[in-house]
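Input: structures, listed below.
There are two complexes below, and they share chain A, which is joined by chain B in the first and by chain C in the second.
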Partner chain A sequence: MARAVEQVAAPQKETDALISGSEAIAVACKLADVDVITAYPIRPYDTVMQYVAKLVANGELDCEYIVAESEHSQFEIVKHACAAGARVFCGSSGVGWMYAFEALTVTPALRIPMVAMVGNRALDDPGAFGVEHNDALAVRDLGWQLVWVDTAQEALDTALIAYRVAEDRRVFLPCAIACDGAFLTHSQAQVKIPPQQWVNAFLPPYNRGDLLLHPDNPITVAPQVNEDWLMEIRKHNDEAMKRAKTVIKEAYADFARIFGRDYGNPFFEEYQTDDADVVLVGMGTLSMPVKVAIRRMRQEGKKVGLVRLRWFRPFAAEELAATLGRFNAVGVIDRDFSFGSPYTSGVLATEIRAALYPAEKRPPVLGFICGLGGREVTVPDVQRMTDVLLSAAAGKAQPLTTWVGIRE
Partner chain B sequence: MGRLFAVEIVYRGIFQKNLAKNISRGVVLAAHHAGKSGISFGRYGDSPERNGIPAKSFAVIGSDPETLEEGMAKYEPKEVDITIVLDDTLLKGVESWAWYGLQPINRLLRPGGTLIVTSMHDADTLIPMAHRKEAPYRLAILKGTPSFSGLWVYKDDHTDVRVLGAVARVLPELFTIDDVEKAILQEWSAPLKATSARKAYERITTRVVQPTEGNPEHPFAFQLPKWHEMREGIAIPAIPRGAPIADPVSGQSGGFRPARNPTFKKFTTRTMRPVVNFDTCVKCTLCWLQCPDSCFDVTPDGFYDANMEACCGCGVCEAVCPVEHCVTMVNETAFTDNSSQWEAWKKDRTAYAAWLQEKIRHRPERTHGFRFRGQYEQELPPMLEIAGGAGPEEPSGEEE
Partner chain C sequence: MDAIETALPTQQLEAIKGVKKIPLEEFFTSGHRTCQGCESALVMKLMVKAAGPRTIVLGSTGCMYVANTTYYSTSWVVPWMHTQLGSSGSAGLGTAAALKVLMRKGKMKEEPINVIAFCGDGGGADMGLSAISAALTHPQYNFLILLYDNESYANTDIQLSGLTPYGAHTTFSPPGKAKRILHTRWKKNVAGMLAAGHPECRYVATVCASYAVDMMNRVRKALTIGGPTFIHSIDPCPKGWDFDPMLSHELGELAVETGVWPLYEVENGVLKLYGRTKQIAEKRARRKPVREFLLKQGRFAHFTEDDFDYFQAKVDEMWNRWLIPGVIPFHTELERDQPPA
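And then the complex of A and B:
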C-alpha cells in the first residue's frame, strides 16, 4: 500500500493545531494513510467525511473516497475493501449506525479490522442530534471493540492506536471509536499533530496475510455457515477479543515510547482517586463537568474521584473490580439507558455491577441517568450525584438508579 | 419409562413439503387415537427449502407424556423406527443443502426398522441404491409415482393417507389401521381417503434387507473442524484449478477438468441427470457456460462431459441446448454408477447409442408443476388408480 505523501525533510516534531474532535479523526485517517473511505452524511459524523474530503481534494491524502447511497452500503463497501487488503475508515451516528447494522454484525465474524467512528447521537426522537451512547452500545455484543474518547487529542491518538490494535493478527476485529456528538465532534481544541515518521514507526502497514482476498490467494470469504459452524466461529472471536486486551496494552506502551504521550492504564483514566471515599464512573466528555465538580467538592472536604472508562469492549473487568473495590460507593453515570434492564439502569451501570460480582470487595453501585440526548451535565448535577453516593457510603439506603437533571 | 417411537419422512424440498407435513401430522393424530401423545416437526436446518433439495419431517411419539419429553429433549431423533422416502431417487443418499455431507437414506433406521418407499420400481432395483447397513432392516414399497404436493399446489393422490396405512401395517405397536381411519376422518373428513389407507394397509409388502445387500460404497463423510482448527474470518481455501484430461482411446491429453471441492459433492440431490448425444453435439459451449455448478468437463476433443460428481440435476443444460435431443434429462433411478458418458462414447459409439436410447426411455414426466389448465384433473385419475384401484400391487404378506 502506498504510504501517505511525505513532506520533504518533514520536521521530526509535533505541530499544534486548533481542530475539532472530528477533524482530529480525519487527521488520524491521513496519518494512518487510509486506502478506502466511505461516506454517507449524518450529523455529527458528517463533519469527519467533510474534513477527509478536503484532505483528499487538497492532495494531502491519496485514497478512494466513496460516497455510498446509504449507511448500509457504506459499511459493506469498506468491509469488502478491507478483506481485499485496504486500510479502511468509515463511520456513522445514531440511526445511521443502526441502518448499517446488518453489515456491522458480519464484520467481526469475518475478522475485518475496520476502524469506524461513531459520532454518538440519540436514537432517534425526531430532530434530536445530541449525544447519547445507545447507538454505539448497540454493537457491544457483536464482537466490535469499542472505545470512548474524551478530547480531540485523545480522538487522534486513539484512532491511530485503534488501527494498530485492530490490524494486529492476534486480534483482527473491528474497532469503533465513540465520540460524543457536539461536545467532542463540533468543538475545536488545541491538538498536537505528530509527524508522519512517528506514525510510520508506530503503525505497520496493514497485512492481511493468508486471509487476503486476492486472485493470488484464492479463498472463499463468508461462505454459507449453518448451525454446524456457528459455535466455533463465536469461540474463535471470543479468543481474539480476549487477546485484544494484551494487544491494547502493548499498543499504548509503544505509543508512549514513540509519541511521548503516556496514557498510563489504557483501559480507564483515574482522577483524584488515591484518597477518595467514593468514585464516579463514566465515559466520554462527561469527564469535564465531573472533574470540575470534583475539584470544588474537594474544597468542601468531600473525598470523591473519577474513573473514566475508555475501552468498553474488551471490558477490563478484573482491573475495574480491583480499582473500584477500593471505594465505599461507586456511582455510574450513564449517558444511555436500557429500558427494563436490571434495576432499570444504564448499560454501563449493569456492566460494572456484573464486573464487581465475583470481586472480593463489592461496594454499592448506584446508577445515574444523566445528560441524555445531549442535555448538559452540570456541575451541580454531579454534586447532587456525589451527595447520593456519599450518603450510600455512609450506609444509608439509596435508590439503585436515579435520573439527574430531568424536569420534575 | 414407556416406549418412544420416531418416524422420519424424507422428501423433496418445496415440491413435497405439504405432503410430508400431512404425513407427520397424520402419524401424531393416529397415535393420539391409540392413546399416545406426540409431536410433528420439520427439520429446521433444511429451511428455507430449495426446489427438490432433500428435506425431512419427523414425528416423535411417546407412549406416555414423560417418554415423549425424552424425545422432545433432542433437536431431532437420532434413531427412528420408520424412514419414509417420498421419492425413490432419494434412496441414493441425502445431502442437505449445506455442510452436512452425504447421509445414507437408512442411516437413522434402528435395527429391524422399516424403510417405506413410494416407487414404481421393485425391490431388486431399489435395494442396490441404498447404502449397506450393518443390521438387517425391512423395505416396504408403496406403489406410486413421486407425489407432487408442495407449498402452493396439493395434488391429492392420497399418498399421505396411503403412507399412514403402511405405517399401521409395519409398526402395529404405534397405532392400528382403525386409529388411522379415525384420524383421517377427523382431519380430512374424507371417507375415500380412509379407503385408500386401508388398501395400502392390506397391500403393502415388506422384504428384509440383509447387511450383504445394498450399495457397498462407504458414504461420503465430512469431518467438522474444531474451533481452533478453523481459519479466522471463515476463510475457506480454494480448491486447486484442475488439469487436462486424457482421451481414453488416443491417450492424447487436453481439455480441462476443474478440480472440485470434495466437501461439496452434489450428486445425491439429483432426481434426474443429463445424458448427452455426442454424435449430434455441435460444441456450442452453452451447457458448459450455463451450468450453475460447473459440472461439465472439457474433453480433449472439445466435447462437454457432464461430470456426475458435480451435477445436481437441475436440467439447465437440457434447457439451453440448441440441438434437439442432444441433452436429455433422465430419471436418476435408471443409473447405478457415475462413470463418464464421453469415455463410453469414445470407446464404442454403437454401444453408447444403444445405451442412450435405453436411458432416454426413463425421461421423467415433469410433475413439479402444472403447465396448463386442467392438468391437475388429467393427472389425478391414473395416480388414484395406482393408489386404490386395480393397481398392480402385490397381495399382502411378510417375506421374511
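And then the complex of A and C:
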C-alpha cells in the first residue's frame, strides 16, 4: 500500500455540498469508479440508487447500471461481476435484504469484496418503514464486515474506506455499510467531497489476482467440498476477518494522512468518556440525541459518556473490553431485539457482555431496547436510561433489559 | 433519442458441417461423477466444445454442479463458477456486464469472450425463471443461458419440477392406492414462453443432444448472434426416467419423433422448425405413437391405457390445434385471410 502520498500535495481542494447520507454514498461510488451497480427499490435504501441513476444519466458515473428484478438477483449479478474483476456496489433494506439472503450468504465464502449499503429498516410483518438494526445484524455470522455510520460525511468516507479494506488481498471479504433509515439516508447535512486525486491515491484499483474468473485463468470457483474441506475454508474466512482489523487500522491512518480527517480509533468513537462514571453504548444516528442529553446531564453533574460503535464485524472485543472496563456501569442501547436471547436483550448487549466476559474488570451491563421501527429516541429517554445506569453503578439492582419509551 | 448501447463484438463461430468436422479439443473432460448414460453430461461436453476455450461457464445448483465439480476433481477446463439455484440469469448478466465495462474502461484486454450460464429444469423453469426473464431483457450484454432439462430435481433424488411430464413417477409424485396419478400438471413450455415474451432476445432454441451436430450449431448460433440468448435442451436421465443407460440417445430421438419434444429456433423473431420436427410438420415423416416413448421408461410403468390415451391426446392437440405446432399454445377460432369488408 506504499502509494505516493506526496503526489497528493497538489492544490486540489474539497468541495462543500448539502447532501443526504444516501447521496453521500452515491458520490463515493462515483469517486471509487465503481464498475457495476444494481438497483431494486425498497425504502429507505432506494434513495442511494436514485442518486446513482442521476449520476449515470448525467454522465458523471461511468458504470454498468442494471435495474434488477429482485434483491436476490441484484446481489447475484454484482457477485458474479465482482468475480470477473469489476468493482461493484448494491444494497437493500429490511425484508429486501432478507430476500437476498441466499446471495448474501455465499458472498463472503467466495471472497467477493463487494461493498453494499443496508439502509436499516424494521422487518415485516407488521410493515414499518423506520430504522431497526435487525436486518443488517442478520448477516452477523456470515463473514460480512459490518460498519455503522452516523453522519453523511462519515457515510462517504466509510464507503471509500470499505472498498480499500474489502479489496485488500489480506481480507477479500464483503463489507456492508449500515445507514439508519431516514435519520441518515434521508437527512441532508454539510459534506466535504474530496477531489478525485486524493481518492485515487487512497484507493488502488481492484485486483482479483489469481481468483479472477477469466479464460486466461481457467479456475473452478465454488466447487463442492463437503466434509473434506469445509472446515479449512471456514477457518480461512475466520483468519481473513481477523486480519481485517489490522487492515482497517491501516486504512484509517492512510485516510487521515491523505484526506486530513482523522477518525482516531476506527472501531468506536468515545464522547466525554475521560471522566465518566457510566457510559452508554450504541450504534448509528442514536449518537445525536445521546450527545445532546449528555451535554445537559453534564450540567447537572451526572458524569456520563458515550461509546459509539462503528465496526460491528470485525468486533473490536479487546479494545472495547479495555475501554468499557473503566466505567462503573455500561448501558447498551439496542435499536434491535433478539427474541429469547440471554436476558432477552438486544444483539449488541449480548455481544458486549460476551466481549467483557474475559476482562479483568467487568462492570454491570444493562441493556436498553429503544427506538424500534424508527421511533424517536428522545433526550428524556436517554436521561431515564442514564438514571437507571447511575443507580446500578451505586450498587442498586436493576433489570438487565429495559424497554425505553414504550407505551405501557 | 439515444440509440441503445450496443453489445461487444461476439466470437464468430461457424456452423459445424458434419460429425467429422467437430473439433477434437475437449473442455469438459474427466473428473465428473455423472451416471452412466447421462445425457446432461453430454450436453455440457457438446455445449463447451461448440463454444471453445475463450469461454466462461457458470453453473447453477443442480446435478451438473454436484456431480461435475467436486473439489480437486473439476471436469471443467474453461473457467467455471457456481451460482445459486435461481441465479443462472443473474450470473450470466453480471459476468457479461463486468466484461463489457472492464473492456470499455480499458481495465481488461478487449476480446470477445463467450459467457454461458446453465441451469437445470428446477433452476430454470421454477425458481430462476424471473431472473432468466429479467436477464433476457438486456440486449446490450452477450451471454447464453442453457437450460438442461432432465425433467426432475435429479441430484436430490428425483423430485418433480415444473417441467416433469404429466403423470411421471417421482419421489414427490409416487403412484399410490388412492391416486394412481399424483402429478396432474402439464409441462411448461419454457422456450416458447421466453421467446414470445422477450422480443429483444435474438435467439431462442430447443435442442436434443441425440442430434449432436444440430445441437452444437444451435449453441454456436446463440453465441455468435449476441445479446442474451436461451437454449432449452431435453436430457433423458437413466436414473430419473428409469431406463437402461444404453437407451439414452434412443429416448432423446423418440422424444422428438413422437412429437413430445419439438425442435425449433426463433432467430431474430423468425420461428423455424428444424430436423425431424420440421419433417413431421411438413408431413414428410410421421409422428410415432407416444406410448413407444413412454413404455421404455419406468417412471410411466403405472400408466393404464387411459393414461396413454390422455397423453397422446394432449400431444395431438399440441400438433393439430396450436397456433404453431408444439410452440404457441393458442387456438385461434378466427377465420383467416378474410378481406376487409
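Before moving on, here are some points about what is shown:
Basically, the second predicted complex is superposed on the first by the 395 of 408 C-alpha atoms of A that agree within 3 Å, B and C clash if a C-alpha of one lies under 4 Å from a C-alpha of the other, contacts with A are read in each partner's own complex, and residues count from 1 in each chain.
Here is the rule we use: contacts are C-beta pairs under 8 Å (C-beta built on N, C-alpha and C of every residue); 3 or more make two chains touch, one makes a residue touch a chain.
The structure displayed is predicted, hence computed values, not measured ones.
Clashing of chain B with chain C is the outcome of superposition onto chain A. Once the two complexes are overlaid on the shared chain, A:A240 sits against chain B while remaining clear of chain C.
By the touch criterion defined above, A:H80 reaches chain C but does not reach chain B.
In the superposed model, A:A222 lies in contact with both chain B and chain C.
More residues of chain A are in touch with C than with the other of chain B and chain C.
When both complexes are overlaid on chain A, the residue A:A322 reaches neither chain B nor chain C. Of the two partner chains placed around the shared chain by superposition, neither chain B nor chain C is touched by A:A253. By the document's definition of touching, of the two partners only chain B reaches A:M231; chain C does not. For the superposition on chain A, the stretches of chain B under consideration are 116-124, 314-322, 332-340 or 350-358; the one running into chain C is 314-322. Across the two superposed structures, the residue set of chain A contacted by chain B and also by chain C is 83, 218-226, 228-229.
In the complex of the two chains, the chain B residues touching chain A come out as 45, 98-100, 224-228, 230-238. Remark: chain A residues 83, 109-112, 172, 210-211, 218-229, 231-233, 235-236, 239-240 touch chain B in the complex. The part of chain C that touches chain A in the complex is made up of residues 53-56, 58, 65-66, 69-72, 74, 76-84, 86-87, 89-91, 93-95, 97-102, 104-105, 107-108, 113, 130-131, 133-134, 138.
The residues of chain A lying in touch with chain C in their complex are 33, 35-36, 62-64, 66, 68-70, 72-73, 76-86, 102-103, 106, 205, 213-215, 217-226, 228-229.
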